[in-house]
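Take a look at this one; I'll ask things after.
We just call them A, B, C, D, E and F in the order they show up, numbering each chain from 1.
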Amino acid sequence: MQDYSTFKNLKINFPSQFVLHVELNRPTKLNAFDRISWQELHACFKQIALDSDVRAVVISGAGKLFNAGIDLNNLQGINNNAEEKDFARRALNTRKELLVTQDSISSVEQCDKPVIAAIHNGCIGAGVDLITACDIRYCSKDAFFSVKEVDLGLAADVGTLQRLPKIVGNNSLIRELCLTGRNFSSTEALNIGLVNKVLSTKEEALTEALKTANIIASKSPIAILSTKHLLNFSRDHSVAEGLAYTAAWNGAMLNSSDLMEAVDATMGRRKPKFSKL
Amino acid sequence: MQDYSTFKNLKINFPSQFVLHVELNRPTKLNAFDRISWQELHACFKQIALDSDVRAVVISGAGKLFNAGIDLNNLQGINNNAEEKDFARRALNTRKELLVTQDSISSVEQCDKPVIAAIHNGCIGAGVDLITACDIRYCSKDAFFSVKEVDLGLAADVGTLQRLPKIVGNNSLIRELCLTGRNFSSTEALNIGLVNKVLSTKEEALTEALKTANIIASKSPIAILSTKHLLNFSRDHSVAEGLAYTAAWNGAMLNSSDLMEAVDATMGRRKPKFSKL
Amino acid sequence: MQDYSTFKNLKINFPSQFVLHVELNRPTKLNAFDRISWQELHACFKQIALDSDVRAVVISGAGKLFNAGIDLNNLQGINNNAEEKDFARRALNTRKELLVTQDSISSVEQCDKPVIAAIHNGCIGAGVDLITACDIRYCSKDAFFSVKEVDLGLAADVGTLQRLPKIVGNNSLIRELCLTGRNFSSTEALNIGLVNKVLSTKEEALTEALKTANIIASKSPIAILSTKHLLNFSRDHSVAEGLAYTAAWNGAMLNSSDLMEAVDATMGRRKPKFSKL
Amino acid sequence: MQDYSTFKNLKINFPSQFVLHVELNRPTKLNAFDRISWQELHACFKQIALDSDVRAVVISGAGKLFNAGIDLNNLQGINNNAEEKDFARRALNTRKELLVTQDSISSVEQCDKPVIAAIHNGCIGAGVDLITACDIRYCSKDAFFSVKEVDLGLAADVGTLQRLPKIVGNNSLIRELCLTGRNFSSTEALNIGLVNKVLSTKEEALTEALKTANIIASKSPIAILSTKHLLNFSRDHSVAEGLAYTAAWNGAMLNSSDLMEAVDATMGRRKPKFSKL
Amino acid sequence: MQDYSTFKNLKINFPSQFVLHVELNRPTKLNAFDRISWQELHACFKQIALDSDVRAVVISGAGKLFNAGIDLNNLQGINNNAEEKDFARRALNTRKELLVTQDSISSVEQCDKPVIAAIHNGCIGAGVDLITACDIRYCSKDAFFSVKEVDLGLAADVGTLQRLPKIVGNNSLIRELCLTGRNFSSTEALNIGLVNKVLSTKEEALTEALKTANIIASKSPIAILSTKHLLNFSRDHSVAEGLAYTAAWNGAMLNSSDLMEAVDATMGRRKPKFSKL
Amino acid sequence: MQDYSTFKNLKINFPSQFVLHVELNRPTKLNAFDRISWQELHACFKQIALDSDVRAVVISGAGKLFNAGIDLNNLQGINNNAEEKDFARRALNTRKELLVTQDSISSVEQCDKPVIAAIHNGCIGAGVDLITACDIRYCSKDAFFSVKEVDLGLAADVGTLQRLPKIVGNNSLIRELCLTGRNFSSTEALNIGLVNKVLSTKEEALTEALKTANIIASKSPIAILSTKHLLNFSRDHSVAEGLAYTAAWNGAMLNSSDLMEAVDATMGRRKPKFSKL
């Protein structure tokens, strides 16, 4: 069993076998992203990617709200390398910082294990970047969302503008939300398909997320990893390219004992048992 | 008039001029896909592509349900080339099989005539692969759907993971459906936009499908073929690439007598009459 | 202040600071697109792109309806270069005409300032091409839409087949609408996400559009331009490509005084004041 | 052993184990491509793709020259569907014909077995299309080449404009050759890298081709098939995309007994022996 | 006959029918690119694109050398918008300037008529950008080239880094040349395939260019335009994409009377005569 | 000054200011790649990417030859996870290993500082993968190369099949080399453009590499980094995409004081002095 206890801004445990719960845990700062948060998120999901005891992940926020976005001190760090007088060098420095934060969020998408976000209350700015890198989103009724960056004088740059339109398949309301930065409610989030379900409370949202995580964790890990991996690949390629990659991928993956086990268990009306990855 | 009577698992007829009805017709096996089904679907739609008497196609299932997915015997055929001890050779063999099934489903998309699915009761696994390669989907109230593959220990590989997210423009609920394999109802299918309409019964779904097919068949065949062809192309390319291809394509297509006939008929409030392709 | 008074088919004014109102103004012809309309639309939005007094644009139609589509005389011009007997030369001529109309519509998308369409009554054919190149769409209750081209014997070729499915993220109902050419109502447009809101009257739709335009115009112009630019780029690229481009872009853009001004204004609960682009 | 004796325009035999020799065999017509040639080439290479007795292919021409290009009767067939008065329908018909010829040539590239062309004397028009779909090219000193299409009033459309610049990596001399249609000699072909070697006579070119084919046929068929497949994929994708596909592909292919056999044979200084695909 | 006499930095005439000679004509400034040069080059090639009297273009430089690159005053204009204190705004301004110069060079590539450069003596910096947008390059023995930008403290940004490696198909020596900025001779240019031929003098280079231009101008204009257009398209796409576009394009273009005229003239051993585009 | 002394298989020093020399230093194993080598190469070039004291890198091999390829023990490690009986899991494990080795080689390409390889004697298998990720290649006369993988029963998968054809722009001889695995000499390497120059001895090759590195290190670091970065980007994108990215990139980079310094130094005939990145 790997150790996830060393993180400062993340609180992590196994609520059930193969299911990992990652809690954003900087409640006094409303879980805002500072430099440590970016680093830990990245390290955590790199570890998850290689941990065969993890088959599904739930992510939630401790305290009053899910995530208040970027820590303004961190933003000023990005902007304010004021000692550098040369514009080109400043731009390169800023880009370097951005790549770090992008890689941090992208590690969630690339860990190849399904990640379910359970959101309550505010999910703002970088919080939206984070949840759009997850696979499934549940929220409580009191949840609200904001692509807030425009109010800070910048365009969102850690994934929202890339992933949000591809999640909700809507480039109309999304543009209004991104251009005005206004809050939108859990109901609106449900209607556009950003969240799959709205639950009454934070606790229920978390319970529902864990329930789905358990279902996923009970399936063939080959099937689950492949499904997430291929959905990501296919989102970014033409249908023909996606099919060609899938044929190469499943050429190997179909030759798994998981198929026989799954079919046999179904026929025997018993729970299948799959070995680890 | 071409002959469509030689298929074993498909029952095919012309309910009206220019409209072809293709019925999955292996009801004792719940229309499950075996090797013959893959071959015949492919052969049938290759024939349709070249048949100037066909301008629109309706596809439905005979018997209790629309389609129960892959025939487990067929799946085992793919997986169980157990005599081959070398892994690389097994993977190549499996890939070869997969390419055949992918080509079969893709022939529906590539026949360049609009295809309307009329779905009733179960539409499972490969059944979902099939309907996502169609252009328009109607279903009866009792219809239910399942991206079932994950329960067989594999990731869907005949088109669902590629086409479904691009049809419904939702990568949130879709991921839940693909990762859990759970059934979803006709209502849910309507809400996410997988089906255009829910009708009371199988008969009504079929009637509606034929009605729309007739409308389409009454239009300029140049306009219809081009619209389907360009929608497919544009789905898989950037807006700029789609426009460039369209300009090259329509450079020729606008020089059709169909334009004059269409405009003249509209003005004369008469039905236009278009020659065959 | 630039001069927008020279256009014949467009009536243009500044209803408030930084907000430009472009009115399609050929009401006796139902604002149908003739050759002059294509040219003026292009010229107008090229001018807007370079005008630092414009931060948001509202587009609406004068008279009975928003837009009746292409002027049939113009269509015949495209089709009927009948003196040219050689097919290849006719196709090249037609393509050349098409590229001009495509560039006209695309100039709306590429002006890098958000454009909001306020639609009333009919929005037909080329009218749909136009609004799909806008960022946000509001309409009045009486609005109806039609991808009419198929009834004229052609496939839409000025942007609808490329942009519409990417706006509404639906390739199911959209195919029915494009293949049948049938009218669809403001309610249906709202349900599929083509419009963001349905208002009671044309006046209210316009008022709402101007209100949103004012909100957008009050934000940092760097943030707004970047958001639109990056949403367009990201629509047409993979997530990874979108992130890479964003990092290069925002490497420079984050080093703007707008960030400090935005944060300072937020903290001081005052309206921020941004310099022009 | 499969039967290759039914072709009319192709003469095929096995000069040695695992090596197939395909001879263009319509010498009285200078091996020009007529409708039967297109069909047979396609059928032949589809058969080769599935024939585990073939590991390398050599292609040459019988009679006076390698290939005189398209049979003018065939070209007129493409152009002269003169009974069709509607331009759009003629364009669609022509496109359909073109796709058939393109698929014929592309089947050489897609058979996944290396193909070596041994060229003598003239290689003109469609002959160039053919050899650019091969992997390796040898020729005799008297060989000459011409991208002749421009002299027939058309742009090459069966692969030369796509593949030739990617083979020789030169878009400068290539443009001159394609735009002027002039002959170029075996020496020039060698200098730009179109052919790998120039031999004295047709016989020597054929001997050299067979020698290389035998070397290739002696290697692991997994390694050879993968190398050709991945070179084709990588030519058409970015480096990053090529690497990602390769990792998925070789994840399976490295788990082949061929590795152990190859290493063991090398160490034992003996010829390795690989089982069939 | 169109008028090309209004340009200040370009001297233009028709040395023979259908062949246009464009001479860079700012010899006292070594033909360096200033703002007027960028504008005129763009305007000139936009005009050429629509001029049916032009079928091939030769471009050369008046005076001592072909082109000395960007005028340093112009470069400072790009860099030195020093009154703008906000970095983001400066970057946007600079980008706007760059897009203008890029469009200017790209207009040569996009005019759809073959362009032949005849180079003598120095071809430096922006001069290399210019010739890489041409189709064919001849030079005199005394010609030398330099990707000079690195010595001005910037990366080349008007096309060299994009087009040069795709012309010469070499990413090894090219990188040395781009990273060191060193001069390279006509011989080296010939060896890497940047130029097609080295002639003794400027006059001979020009004569050779005109000779090739005349050959091209004598061919079917449909065939020539299509060949250039398809070579450009295919350079930037996969083989499969290139073939698909070509099939759509030539579906129309093969239905030209130019085919019959070309074949008939060949058989009658007479010069073909093609009508204008 | 950063510390590069901790590597076991790499010996690293600064022969002159801003130039780093990385020596493959496992001579008793002919510098073959074992697990430690992959890790160290990756770590080393990640460090280089962030080290502002490095502006150019030279890489060479200690001992008898440059690089003998993959250590066979390492290869068996990849292949021989024989305890894993499930094929799918073995394939996933192997893929995971491959991604590590690919990332190792790719770190050379992605460090954004030019890397020059000085090759002597054998450069085999993974050695070719390594040098194709460099920017410039020099070798001694006794150098020979082999894409050896096919002789080990596998297709090259760490970059050669992706990068080599794009470096030499030749898909003809390259295919022969990759399919036969035969050795090719320094002369052949020069002729196809794999190496830029052949020197008499290893020492001269290294001296020449250092000389070029010094020239590069004397230029504006903004210009050099941008040139490498944009050449990499442009290799993998269309010309239009490359230009668009360049405009965004150089929008910032042109606003560097390096331009003024470079121009001023040129005019004053003095050596320019650029601040660090």
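The working rule: contacts are C-beta pairs under 8 Å (C-beta built on N, C-alpha and C of every residue); 3 or more make two chains touch, one makes a residue touch a chain.
In UniProt terms the chains read A, B, C, D, E, F = ClpP/crotonase.
All values derive from a computational prediction rather than experimental measurement.
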When each step joins two chains that touch, the fewest steps from chain B (ClpP/crotonase) to chain F (ClpP/crotonase) total 1
Intersection of contact sets, chain B (ClpP/crotonase) vs chain D (ClpP/crotonase), gives A, C, E, F
Given over half shared residue numbers means same and under half means different, the chain E (ClpP/crotonase)/chain F (ClpP/crotonase) interface is different
Whole-angstrom distance, CA centroid of chain C (ClpP/crotonase) to CA centroid of chain D (ClpP/crotonase), is 48
Expressed in whole Å, how far the mean CA point of chain A (ClpP/crotonase) lies from that of chain F (ClpP/crotonase) is 34
Chain C (ClpP/crotonase) residues touching 2+ other chains are 87, 90-92, 166, 168-170, 222, 235, 248-249, 251-256, 258
Contact graph of the chains (line, ring, star, complete, other): complete
Counting only contacts in the complex, chain F (ClpP/crotonase) reaches chain E (ClpP/crotonase) at residues 114, 135-137, 166-170, 193-196, 212, 215-216, 219-220, 222-224, 226-231, 234-235, 238-240, 242-243, 246-256, 258-263, 266, 272, 274
The residues of chain B (ClpP/crotonase) that touch chain D (ClpP/crotonase) in their complex are 85-89, 91-92, 222, 225, 252-258, 275, 277
Listed in rising order, chain F (ClpP/crotonase) residues that touch chain B (ClpP/crotonase) in their complex are 87, 90-91
Given the complex, residues on chain F (ClpP/crotonase) that touch chain C (ClpP/crotonase) span 245, 248-249, 251-252
So, in the complex, the side of chain D (ClpP/crotonase) touching chain E (ClpP/crotonase) is made of residues 72, 75-76, 78-79, 87, 90-92, 94-95, 98-99, 102, 106, 109, 149-157, 159, 161-163, 165-166, 168-176, 178-182, 192, 235-237
